Amino acid sequence: MNTFGNIFRLTTFGESHGAAIGGVVDGMPPGIDIDMDFIQAELARRRPGQSRLTTARKEADQVELLSGVFEGKSTGQPIGFIVRNENQHSQDYENLRDVFRPSHADYTYWTKYGIRDHRGGGRSSARETIARVVGGALAKLVLRQLGIRVTAWTQQVGPIACDRDYTQLDLSQIEQNDVRCPDPVKAQQMADLILQVKADGDTIGGVIAGVIEGCPAGLGEPAFGKLHAMLGAAMLSINAVKGFEYGDGFAMAERRGSEVKDEFMAESPAPGDACDAAMRHTAASLSLATRTNHSGGIQGGISNGQPIPFRVAFKPVATLLMPQQTFDIHGNPVTINPRGRHDPCVLPRAVPIVEAMGAMVVLDAHLQHLACRA
Amino acid sequence: MNTFGNIFRLTTFGESHGAAIGGVVDGMPPGIDIDMDFIQAELARRRPGQSRLTTARKEADQVELLSGVFEGKSTGQPIGFIVRNENQHSQDYENLRDVFRPSHADYTYWTKYGIRDHRGGGRSSARETIARVVGGALAKLVLRQLGIRVTAWTQQVGPIACDRDYTQLDLSQIEQNDVRCPDPVKAQQMADLILQVKADGDTIGGVIAGVIEGCPAGLGEPAFGKLHAMLGAAMLSINAVKGFEYGDGFAMAERRGSEVKDEFMAESPAPGDACDAAMRHTAASLSLATRTNHSGGIQGGISNGQPIPFRVAFKPVATLLMPQQTFDIHGNPVTINPRGRHDPCVLPRAVPIVEAMGAMVVLDAHLQHLACRA
Amino acid sequence: MNTFGNIFRLTTFGESHGAAIGGVVDGMPPGIDIDMDFIQAELARRRPGQSRLTTARKEADQVELLSGVFEGKSTGQPIGFIVRNENQHSQDYENLRDVFRPSHADYTYWTKYGIRDHRGGGRSSARETIARVVGGALAKLVLRQLGIRVTAWTQQVGPIACDRDYTQLDLSQIEQNDVRCPDPVKAQQMADLILQVKADGDTIGGVIAGVIEGCPAGLGEPAFGKLHAMLGAAMLSINAVKGFEYGDGFAMAERRGSEVKDEFMAESPAPGDACDAAMRHTAASLSLATRTNHSGGIQGGISNGQPIPFRVAFKPVATLLMPQQTFDIHGNPVTINPRGRHDPCVLPRAVPIVEAMGAMVVLDAHLQHLACRA
Amino acid sequence: MNTFGNIFRLTTFGESHGAAIGGVVDGMPPGIDIDMDFIQAELARRRPGQSRLTTARKEADQVELLSGVFEGKSTGQPIGFIVRNENQHSQDYENLRDVFRPSHADYTYWTKYGIRDHRGGGRSSARETIARVVGGALAKLVLRQLGIRVTAWTQQVGPIACDRDYTQLDLSQIEQNDVRCPDPVKAQQMADLILQVKADGDTIGGVIAGVIEGCPAGLGEPAFGKLHAMLGAAMLSINAVKGFEYGDGFAMAERRGSEVKDEFMAESPAPGDACDAAMRHTAASLSLATRTNHSGGIQGGISNGQPIPFRVAFKPVATLLMPQQTFDIHGNPVTINPRGRHDPCVLPRAVPIVEAMGAMVVLDAHLQHLACRA
């Protein structure tokens, strides 16, 4: 399905070479100032052609909000929006019309639907994430008022990793380089690697790290709606993602309980500074912080008020600018030699997408939480 | 929310020390033979007290199906079921009534709801997963007819890992030891470690690996309903899970596209052997296999017919049988020294839970797929 | 599907002659006193054998809550519950095993599922509504705190109608007679008619009227989630219901706009007495009442603070105690002559079911409303 | 919420005086010929200014499909679409900015959201139904292949009613007059009445009748997803609707069971001509018709293969071109004297909207049914 979320819901549509990418945000709280410059700036962070590290496809990616806003404020009604596609080179794909590219979704779409738009990956193109960035930007406008921040950065490109975590990094440096890594030395190494890979006609994978800060205790649902399960589903739904972990993640598999327990420490002033709206709905008469945060800010699926760090693994893009053997829809072997404009590494452009998905998950959890008490 | 799935839906209820754990399976296809012995055997794999590696709590975990079955066959109507709780020692928890145990959900439930059942973890107890195993067993009865198998095993306990993957292991050996690791040498090492940890009053984490075999091409939905996103959400909703990856997972972050592309090879006889029901709904006139499976059987969120391997990281259980500092609901510091019957390592008992969630995801995707073509 | 509602959700299961009828209420607000006597009293209003006007089937209909309640209060966790079936006479149905009774669901279930539990109507039996009454009783416990009341009564049985509406009736008289009609003269006429119909082995239809009072302005969603659309869906999902109208309903089709406009009048003290919880979420700085209420308390799908009157049409029960021609599953003509214990008129027992569905709709709308503002 | 349906889902957005009305259809089956002329013709049936009986607002209501269609066929991907608003006269509403018009949604939106777009009714305008007509047209393109037809007509305007039902009328005459009543004599009387009402600055209500033909047995879900409950919810979500009934509807309340039982008669050739796709999923080895159809083609919430007749009551439009007393948002009494372009009677233009909602419900039920058997 093409809808995400429970209360704050994003529905997306659009193909890479169709008329437009767009979507509908339902459940947007009313009375929020709609900062169009901010929304467009978020799209600019995801836009192709923004640096020499990305595809050369040039798209303005100008968004038009079609509804749900009145005199600059949200009205609580659904916000429909579109971004016209402009710089398609559909003819680049004509020779791929009947061919299944390896490690692409060509074969699976064809098997599922018996028909597919082969141009630029059609619906499976990462251009779909434009709609997510718009949805995420709207969510961020609400979260801003609640004091909640979702921040992501490129933590690893191929074997080059920035091992320091959010407590040790200056996150204000993320946007200071094209890679979106807050460690300038690592960022330079990553950029060099990406350019080398690009020169080889190859691609490279990586990891994006993120952290949710200012999240009040109490968000998330027990059982199947655990906050990190929603977060994981959100991240895994992004193109090219192969893994998700939060808190100490996979590393916790090697640890003893005594090593990773997060002990409480009393917090001075009681509830409410961070998020009055949420606090209205809790019976909490005190607020406790933890000394450590191995758990990643969530216990039993519900936030505990600590930061929520997470990591998302991306595979290398499947489009390689080199000859490859494959088959066409008639079962005949063919050799393809893709040309065109492709990202050697999606990480830098995926940073705002990860943030967008995270922002929508947290806002949705917040709104759901408001409905859990009469 | 306490409901999982879209067409095949499981709703669960119940607390650790309440009257019963139970649930409702909605969307069960009609005409399926309901093999009660199989369902009960699946519960036995999850049951406490099954070996010296687990908690000593003794529960028969006898399930009663209350509806939706007529003369041994499913009718397509909802299957309600309950498992009575019998061996609670609620008094063991009386001194924890007002106390927040570190790294447990005590504090977060209390913050969210203003009230909690403190006995045995209440709703946050892993006893809730009984209902998942029942739901998964019902799903497996359907998948069996479709030729789809979901298999999981203990791959890692603490630092002891079985590095061979599903292509190199004899999965029929999984149930031959208490740890549920198909490698008997590693299984013995893992068991020894668990017993050592237990003797220390400590706990240990680990990784469960799984693989879905016989899954036809075409399952899963683009955008937000990607098959691996649903699988990830399912796994992350299991108690104590901290991470999920599929295919080559996080390791793919370090690789180049040219190293991990999965080339097709023609498959001899065309569609349909695996799953006629699904095939009815595809326009596929041929079927292609891949030489390698770095992608993990899914492209663009849709299965390609190859096996789907995945890994799930579990943290060490939070209940430690040693003194710990914490706070009560009045903000007063207290020292707790938990006694009782706890698992030093959840991995062996979590294997059937992972399989159950996987089975429900795949069956749900199959049923959804049937509805995607008129 | 067997789940109703968005935030406050009821899932039901069970057949007439199966082990039990039951359900799960998810989204119950925490901290609510669970008045078991009240819940059981609601079931008693629906119970068979309660008067000479109903079926003679004797059922205690004793409900057991299995979870979600701790020390007498709701915890916010799902409330599983069951009511055991006790007084089945399944042998009465043995000769109907392969027969399609006219105007019953026998044929449609068989066509849809290829299998059916023929005993007592199986899943299509009105015994399923037991679970609705339990769900409605839990909803009423919450609504009571919010000052919202849902009241229903038998307005019409066959041609005998009580034409006065809620403004002209003493609703406290509803439970003073077996028919549940607040007009004692009409009630007597209705009872006489039902007994006559029963003596004839026949059945008779009717209309239940209801009114929601104390509902604050602002509940309901625009477009597809209109409050009256949810209410209508709820009522139409009750067995034997053929029509729904609210406000002036079908009579409005004959009227001019100038005749049915509801003009406002200023209301003295401004917001909030009725429902502070809802009011927390409105920006309303004043509150207006209307002089008339042709619209039925809802404008554009959203409540306006006035009472919400509605009517629900019931067909006569399909089970007739007289010989009838029909066919079996092999296409052979057969004559059936049903015996057994059946209601000549469902109206008296359907009154609490209508109230239950109404209560769940309003509570769900209230909880949804809480989530519409950040 | 602004999404309708389970598998075939329509999400809508847009205000009367905003940039555009639009929506997203998700779950459109692939491979369907997208007949743009048909879609546009359906919009023309709903378009303002189509005859002297409707509002004079002139709108081309030209729809643009933005995605989900490739080389003239649906791809199974979401179809985003927009219809630009062109002929707004927003200044006509400036004096109503702070005023609550009687029997409109002005007050309820303001109470719920604290902000509203007052221009032309904003989101509560019936212009939202443009998106429903597009969604319904797409559904009809699929139903056409399945042999299912949904037809509606104006049955009553004020006191003038066409009492003959679908078995007695020539439905091909519906589009032969501006009122959309298949009885030409009644149509003329209705038209005369509407013009009289219009001259008075008043409005008038009415009833639209509809029938679903060619619907195979087996569609609809027991319990809460009954086919008529979904149909009722769909109709009640249309602006100005006050009631819904199907089969003999409210008239059944007056009848005895023996009078309205629908006896079966054997049908000659067994399953499948109408709808092979559905039949693939039934175990039905024979097919039975009924002699009468009091039940309205549905038993126990599931279709039985007979036509499904229904009726929908519309109130008179609330906008009167005459002076009225009311209040503004400050609680001050004001007199309004609306001018502008309004429908004296919505019935003629609502016919395609009723058909659209009916078509989406039936297609959704069909697709859901495909998923009920493995």
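By letter and in written order, the chains are A, B, C and D; residue numbering begins at 1 in each of them.
Here is the rule we go by: a residue touches a chain if its C-beta (ideal position, glycine included) is under 8 Å from a C-beta of that chain, and two chains touch if they have at least 3 such contacts.
Nothing here was measured: the structure is a model prediction, and the numbers come from that model.
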item: Farthest chain relative to subunit C (centres taken as mean CA coordinates); value: A
item: A-D or C-D, whichever has more C-beta pairs in contact; value: C-D
item: CA centroid of subunit A to CA centroid of subunit D, Å; value: 38
item: Approximate Å spacing (C-alpha centroids) for the pair subunit A, subunit C; value: 44
item: Distance between chain centroids, defined by C-alpha means - subunit C, subunit D (Å); value: 26
item: Subunit C residues counted as touching two or more neighbouring chains; value: 1-3, 12, 27, 30-31, 76-77, 112-115, 123, 222, 283, 372-373
item: In the complex with subunit B, residue positions of subunit A that touch it; value: 1-4, 6, 12, 100, 102-115, 123-124, 128, 156, 158-159, 197, 202-207, 217-226, 228-230, 232-234, 236-237, 239, 242-250, 252-264, 266, 282-286, 288, 290, 294-296, 298-305, 313-320, 322, 324-327, 329-331, 333, 369, 372-373
item: Interfacial residue positions of subunit B with respect to subunit D in the complex; value: 7, 27, 29-32, 76-77, 142, 145-146, 222, 277, 280, 283, 363, 366-368, 370-374
item: Partner subunit D, residues of subunit A touching it in the complex; value: 1-3, 9, 11-15, 18-24, 26-27, 30-31, 64-68, 70, 73-80, 82, 112-117, 122-123
